[in-house]
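The structures come next, written out as structure tokens.
Two complexes are shown next, each including subunit A; its partner changes from subunit B in the first to subunit C in the second.
Let's turn to the complex of A and B:
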């Protein structure tokens, strides 16, 4: 099978991106044409992914072993398509988002898809940069001071982390003489100090993108300053890209020496779960709250990597989906309240349950999924992670997961409390605005969240297949 | 297996629940809840002991990993428990006597505003001690060991408003930490050599070894730990001050828990003592010395609790003497009997102090037997027991220790122990007569004295029954402990045998004579409490041979000086570090591109993370 057909989803996105740019040129300002093109493109990408998936392909290595197309990368494509499509929908109102918005989103999505396929250092770095550069622009796309601050901060720290990542990759290459992940394990003895230093620096670079404590500081500020739709894309898409490349990088390249990174990631996961959820407790700005809770969730995800088992890989892959669905759902509600104008705080939610009961009910569903309450996808995901930690005989991680979950529960209950408050302030819900695009996102998110909680089997089946890569080093 | 974990975890559960929900609990609940949990622990302990007794003799232990403490994060450490007849005996005493002390505390701490905190600590103390005793390897033992130290610190300093209590707590903590370090070093040595710290693993190796300097050092380091916990010279000073805590705490520390941990450790390590005969002799010699030192120091004390504290030190000496000479069952048996009568003595003293609204000076007591009959007669039983008068419990255990000391060829140690037994009888009857008989020396206190409420007298009377008849358990204890001491080499004379009949007559005779002297002095002649305490020897004994002073000059003052020097050096280092920090900060200031920005801080956080990871890898590679 040719490279063209196995990489069809990526080519679809790339083509859509170019067509959307043409669309910007031919259409007038603030037209919805680029968004339409982008949306159709993501649907096309989804279709292409589903088509490839249904053919049960054998894993293919492309471009001199630098890309690996397999069920793993296809599952990542699914996730990225959902993230990109929902982001374009949430940023639909052409007047507020700039015309280039869908183009940049798709470009960033392309980076994430590259990360899903990446099997050597070059594509790893390329993926990270293609993912990041459009996001720097998107973060600053609102011309208020907060937006500029967010973009600049994200850019500076991102450049910093890219430097560290690149340095680490260079050291790995220097120590092993190879760019391909699968060569590392056999190239030199795994306790070479240069290789260890390289691994460490590369891990820092990736963990920065995943927002693991102590590389997480940028998250709340950037989330707060970015437009709502972009924030949801960062919270979902970036995490997908960073988590999947971390898993493949370690499982392919360093599977012979899990002791060199497993315990370390375990400690970081513990730290991240606790710190993220703990700080989330005190936030009043909803985007900052989701920023910190996203940090906590990154800690949960890291468990799946740290345990170094196929169960862990499955659990992590699974967890990405309910987490992402809850993120886009919650942000859909936030965009309804904020109307793109202001930063939504807990006080803006006051009285929501009485004035807009449906929106409130949906919001509750997403919060409960974040918190991991049964009958939501979040519960199943946390359950798998807990199982993975216990199977790996790491009760410390399991305890951390439970503690983090409880802290998170506290954090998510506060907005819910506010919703049920009777006396609401005058400004709350003043800018309430709903359009069809948000409703589409909400429906997808809520059906997905409840569906995963009640009948997770199909997705579990998919995840199991995509985690097969684990044995293919 | 499940049962063992629950024995340990129930008190911990109590400590946590009381600690967390003390604001919500009704006033009386913490005490009842804490006592109930320890009581359930006691019942499970009995069940486990029964289960143990049904195992074949050559395989009479239960072991297993309850919970892998740390796996994956470095070398695996398991919480491995080990229940054999020896730890089983401790288990029963800790939970049984501990429960009685809990119940007693409900009455004793009735008016204290912080009793929820008190019971939380008390439960935690029991938990720590159980963890120590049930540990299956030295590392878990050390964790329990350190937690016991922490719990004692909290309880001794329970009335933290009193400076003396805080000072005593600090002293106990420091001396215990010295012991912790000893154990840590000892277990490190063993681990480095044999790559295991579990009892069965080590003991099986020990069976094939011959005595050497390595074992002497290891055993000595572990003995330092035992020294600190069991108040052996020179780390004994804390125990006397430790009575600054509430009296039931003293009962718990002195009788059921804590101070007997050292005895437990030494008895547990009997295969190691075989390989370290010099240390074993040192244990015995220091034990014998402690018996006479503490007994002589007790004679002129005026504070009722101080007398009892010195008597504990003295009795611990007997236990260590038994363990040191190889009479393991005798030492353990004495621990068990001591737990009964010493708990009773402290609880009785607590009732007296309670009745006299906090008065501890025997100078202001006297004649209390009319007011407090239950306490008096129970107290008498315990006094007879500790004095070694037949047929009370202490007679059997002390005779077992002394008889075997003589049998195994340590006549000098025997003489010291026997004389100390006579002194014990004297100072204990002095205390008894001064407190309960004679004329009331303080009329107003006497007027208000009253018998303790039933919730305090019932535990006292139960303990009185055991203190009286406990000696008849001797044969049972002998049989019960035999499997433990026959499992590995090193305890050929563990079983209790009595010495020649004349040694018994000598010891008991001394005790009886001492009783009559005390009777003559304090009942017939009504000698004053502080008589002769101003004479030279009196003052010397009253000040416990001036050992505290010596300690202050030999250890505390030099350490203070070292500490001050280090402090100054540290100030210098700190200033340097601060300077470096300022420079880094200034760089950070230059990096700050935004008005509100903390980008420098974020970058710094990342660099700290990178540095930490780098250090982690450097350590590993």
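Let's turn to the complex of A and C:
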């Protein structure tokens, strides 16, 4: 099959963002036309992904082995479309977000899709940069002091980590003489120290994007300062992009030497799960809380990579979906409370259960999914990760996962407790505002979260088809 | 090999100068040195076109841009740094980065790369060769970079929005005031000066 038909989702998104730019040009300021174009584009992208999926493609390498389209990349496309579509919906009102908002979201989504397909070093780096640049802009787009701080911090640290990543990639290329992932393991110098140094530096760059613990310092400030919709996109989309490229990079390029990187990633996963969830316990600002809990979830995801098995890859890929659905659902409720004005703290939730019982009920569902309570998608995801850790004979990782989950449960119960408190302050829920776009996101998120918890079989089946590339080599 | 070493030392010295110089203009000049050393390294790798492009684009055009920005932004500004909030962090960062640097240098000395014994393809490194690569097998990377630059252009629009409407309103109001003043036979010059200031602000 030709590149045109196998890369249809990417072409649809690229075309959509160009048309959306034209839409900005012809429409008056603050119109919803660009958002409509972006939303239709993501739906078109979803349709194209589903169509390609239903054709049962064999994996194809395109453009001189730089991009690989297979079920893995299609599943990533599927996740990215959900992230991008929900972000456009959450930032719907033109007065709140600037006109270019949907275009930048789609650009970043294109980078994430590139990371899903990437099969060589150049597309890896280009994907990371196409993902990051629009996010730097989006983080600072509200032009208030907190937003400026968020944008500048994210930009400086992101550029620095990109430099480290690039240095690592250059060393890998220097040691192996090849850009293609699959050549690294079979290269003559496959156990040279230069290659190992390159791998370590490249891992630092990717783990920064995934916010694994020694490289997580930027997360809370950036999440706090960014607009709500952008924060939800960072929490879902960036993690998808970074996690999938990490998995493919290691599984394609370094599958012969898992002993060199597996234990390291395992210890980092352990550290991340504990630290992220522990610090989340003390947060009162909801966006910071989700920032730290997102760090903890990144640790959970890293288990799937560290165990280096098909079970682990499947568990990681599956976990991305319930995590992302809970993120977009929780952020839909945050945007309803904050109305784009202020940062929501736990005190703003007081009385929510009495004044808006439906929103409170949905919020409980998302929190329970984050915490991994049965009948939600989060439970199934954690169950698979636990299985992966045990199958790999890593009881330490399994214990860390359970401890991290309990710590996280404590962190998620604090906002729930505040919701049921009676002595609500007068200011709480003053800016409550609901529009249809947030309702759509909420419905998708809650149906997905409970659906994955009750009947996960279809998605498990999809994931099993996606993460089977370990046998290719 | 010796040449590469000298150029590497020059490039690193330039890079260190960029971040340690107190005056922004000195930083910019150190950057020129760094970029020129890089260009010579490219030349040593037989990438002639890249070397020339590096000199023209970076050392030429972009440096001029930098100098303009430096003169516009820092004219008459204090060049001392604000007091450090996080004492100790800088020292630790320095220690860690020096250790990492020593490890990398030791690795590079202990395990030097083998000399490449293959013949270079025809037109390697000149304009024709690079053009054929960029518009042939590597076209997808060119597209990726184009998309990346598109987001940079959008960033300028988002972070620096044209305040056209408000400005036009203000100018119209000023003009109306000027007309009123003219009808009353009063302060015409004052209104004009307001106009002039806004023109500069734009």
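The rule is simple: the second predicted complex is superposed on the first by the 469 of 473 C-alpha atoms of A that agree within 3 Å, B and C clash if a C-alpha of one lies under 4 Å from a C-alpha of the other, contacts with A are read in each partner's own complex, and residues count from 1 in each chain.
Everything below uses one rule, namely that contacts are C-beta pairs under 8 Å (C-beta built on N, C-alpha and C of every residue); 3 or more make two chains touch, one makes a residue touch a chain.
Source: prediction; values computed, not measured.
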> Between subunit B (first) and subunit C (second), which, if any, makes contact with A:123: first, second, both or neither?
Replying inline: second
> Taking the superposition as given, does A:223 touch the first partner, subunit B, the second, subunit C, both, or neither?
Replying inline: neither
>> Let me test your reading of the model: by the given contact rule, A:204 touches which partner, first (subunit B), second (subunit C), both or neither?
In response: first
> Counting only touches as set out at the top, which of subunit B and subunit C does A:193 meet: first, second, both, neither?
Replying inline: both
> Taking the superposition as given, does A:63 touch the first partner, subunit B, the second, subunit C, both, or neither?
Replying inline: second
> Is A:160 contacted by the first partner subunit B, the second partner subunit C, both or neither?
Replying inline: first
> Taking the superposition as given, does A:267 touch the first partner, subunit B, the second, subunit C, both, or neither?
Replying inline: first
>> So in the superposed three-chain picture, is A:98 touching just subunit B, just subunit C, both, or none of them (first/second/both/neither)?
In response: second
> A:331 contacts which: subunit B (first), subunit C (second), both, neither?
Replying inline: neither
> Is there a shared patch on subunit A that both subunit B and subunit C touch, and which residues make it up?
Replying inline: 192-193, 197
>> Residue numbers of subunit B touching subunit A in their complex, please.
In response: 67-68, 70-74, 593-594, 596-599, 601-603, 605-606, 608-610, 612-614, 616-618, 620-621
> So in the complex, which bits of subunit A are touching subunit C?
Replying inline: 14, 29, 62-64, 66-67, 98, 100, 103-104, 107-108, 110, 114, 122-123, 126-127, 129-130, 133-134, 136-137, 140-141, 143, 174-175, 192-194, 197
> Where on subunit A does subunit B make contact in their complex?
Replying inline: 149, 152-153, 156-157, 160-161, 164, 191-193, 196-197, 199-201, 203-204, 208, 214-215, 217-218, 221, 259-260, 262-264, 266-267, 307, 392-396
>> Under the definition above, what is the set of subunit C residues touching subunit A in their complex?
In response: 103-104, 107-108, 110-111, 113, 137-141, 144-145, 147-148, 150-152, 154-155, 157-159, 161, 165
